[in-house]
């Protein structure tokens, strides 16, 4: 079968004004994204600060994204919760609001007891209970948990699990090897690993830099699927430098400011994440200006 | 001023029947706890599996605990959320339901960006916004975050922050030194550290073993405040061995089963935490039976 | 300038018989390696169990490797020590015995105090004091230390530092970006990352699997420099599976047994590393037999 | 049987002048220590920067300490190596130079393969091979390894293993519980835990602060064995604050400078440890001057 998760997705940020969600600004951003080459969106994920939103806010953010996307673009929506029951409820909620797939991060609070047996049962139970297909989300930098290849091997054939998104520094190669013979998509979680991951068989990625530079990120995907090694390598280096200057050093707040520099609505993250300082803004602006993206537009 | 958080608190577990909260069983447990020597309760905390409960369930569990406690017993209620805004909402909610204090764990999802500046602002903002006094909760085994002494020093004098509960293996000594001259209570988070922590100045503790053996745990507190070194040491050793055989190896599920062995309603944790196996049950039962608690009743 | 570290190097293992180094068996292995397509050797490195050898044994192992290699093959020799002074002495020792380059791992005992300033001075001092060029070695799985890109940027232009070898799960992309414009070689430290690292600009790698299958590993390098994406990808997958079944699960002892299966002298590691069990041997043997390497010979 | 490791030991630092060991300064320090209330010394341990010394230097440092000590004082000497064979050789060496006991840290380079089985065999083999009794040394801050209670239980009855020294933040309580019924000594590794550890049954400690303030540290031990809770608590707080201002923030270099302030020979550590800055020196000096130790002399 053909892959399901393909191309470049942007993990849409949530604009705030004085700590309140600015749905109108989000809708304005979506209008531009809908005209881009993005294949889809990660809605209410890490960069959307989903963990900082109330249930009601999450729902309205997702609705705004679904309403604003182009018809051919897909929506993968975060369905984060610590218990199997609550996660299935989240999957059901995002499905009812129009998400195509649910992104299911590892629970992590009880990490010391969440061994392979627990994680396998968790993902199989959620996949059974979710009305839409799910993708696993491995994000040890946020959760302190890693989906093992043992777990992945045990769940990857479930018909309602379409793939895995990985933002760890080094698991993606193992995930690709583990699922090489299966109908299962491995998605890179950062600009830094998109190129090498695609060389090894990944089907695309969710790239925070795409919030600011959607078409350039989509271009890297195109070079990769065309096996245009030379230009892919070159753009990989360019995006890697850009990413170091933006997301690598400043996280969500940096991505939001870069998005602003690129002409979208960005703004500060919700507290406790601190607003980015003026000197950090300068640094991000300089990192962006130092790079000529015009050859890739 | 006198300390506010004193004595032994039990971190009340949530009984489930087929994945649903059994409020009646919780109420039955509370009837017995109300007759015990416990000074108070941690409601909807780690052992209450608060992260696995919905908003509605959390509220009803807290209501049940408040309704069932004895008049002199205090309720410290978990107010866990990842954003300042949501945490203040949680504090307001638990206050409205009768909690005396809110237990505020560190946010942790964005841990890489939650430096001292962010954590100081977080706790000061929450303390400003909470209608009831708050206690900080340091639990690196669950969050991957540690409240630094720099943060503690900067927030400990806020009049709405009464203390800190620590379940880390080794921070409590530093917390006690940092706040020695302040009107600030340091509370031990496990049976294992209650005795040495009290020797160094802690005012009591929240002890999961107290869910099963409330009076024996309260007795250790009594020995400590009486400076009865010999008997405190002895009971410390006894409880330490018991704790290793229960919570140390099996976590929340182990505590629940020990609670059951002791005559309360326990039951399985909510998924993804797996039910405890029969052989683990045997092991816990043997650990309990091997110890003669009668001298401490 | 052209790269210095190129091709595939094997990190030669040290055969022991009853805990004593079997130099004759090592020499016999070298005879075969000298006839292979290997570009060079890592002598007295991790797989050589250098940390388990005495000073005298290290010297004799290195001599044996230098004596046995083919003229065109290079020797990179481990120069591990915790102080700058001792590391320079090690570099001088390996130089005097014929090593071409010294591999200098991060010191790690005092890791809490070894910040960027300390590490920069360390590498510059060692580079100044070493009679032969040095390569940095980043191996957090063994040392608990990571060479930061800040450190790398500050030292990469030193004329006596030729490159870096990386066995971490995810730093190699950052190392390549940091040194892209410099005359500096980045070397992959495992079979798993050789292909993606070379796609991004690495000049080769040190691959424990090459102890058992030198020519097949060298073939992957050839495919990569020829930009033969299809065959490189395929062989990458093959070697990845093989590596998971050998080094990934069983470490040094697994590599040694695979080496034995492939017709070299392997044997048990020195204690405290335990000998590999019979069932682990079976598992490794099956992993090797399951893969047809003949198309790559 | 009576405990063997008792009282307060100082982990003697190694004075350097221009990167060379200053044996005369070490001898001069020993003259003063010999007149103090110290029960013994840790020679060539962490604070002695043993990992930065050559074999020859280690031997001469140990000889100097043995020659300078008072007759009733004991010498526990570091016997650090990564292989069982080399560790036994180190034990034999320190025994031949007059050490009473060998301090055997965990090997750590191959930490991923050093499971309980490997560690149990390691300590039993070393204990069998050592001509003098050994004490285990748990130091995860330096090694990234922790001696488990499973390992400890399996080795603690060996007649040539007298005890364990612990510098971890939180294992000492578990070690005391595990060995409570055995003829086995548990020694605290820092000033911060000496008091609570002794309350729980430890027999003394190795305290870096004792390099600067030997008699004051010995006094805390005296208060503890006298069960003089009030004065022990008070001095515990005093030493804790002092320790935070010295060793806690600045490590080995801080201890050396404090030693100098107290009238001994200190000096810079050997590289790669950086010399302490002038502002750090000021900070340490102020921390020392802020505390009145005269009531404890």
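Labels for the chains are A, B, C and D, by order of writing; each one numbers its residues from 1.
We take it that contacts are C-beta pairs under 8 Å (C-beta built on N, C-alpha and C of every residue); 3 or more make two chains touch, one makes a residue touch a chain.
Keep in mind that this is a model prediction, so the values were computed, not measured.
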item	value
Labels of chains that are neighbours to chain B and to chain C	A, D
Chain pair with more C-beta contacts, B-D versus C-D	C-D
Most widely separated chain from chain C, with each centre as the mean of CA atoms	B
Where chain A and chain D are represented by their mean Cα positions, the distance between them in whole Å	49
Approximate Å spacing (C-alpha centroids) for the pair chain B, chain D	35
Multi-partner residues of chain B (at least 2 other chains)	none
Touch-based graph of the chains, sorted into line, ring, star, complete or other	ring
Inter-chain touch pairs (all)	A-B, A-C, B-D, C-D
Chain A-facing residues of chain C, complex	168-171, 173-174, 177, 180, 192-193, 195-197, 199-201, 227, 229, 233, 236-237, 240-241, 244
Touching residues (chain side chain D, partner chain C) in the complex	19, 46, 49, 51-55, 82-86, 89, 107, 109-114, 117-119, 121-122, 125, 141-144, 251-253, 270-274
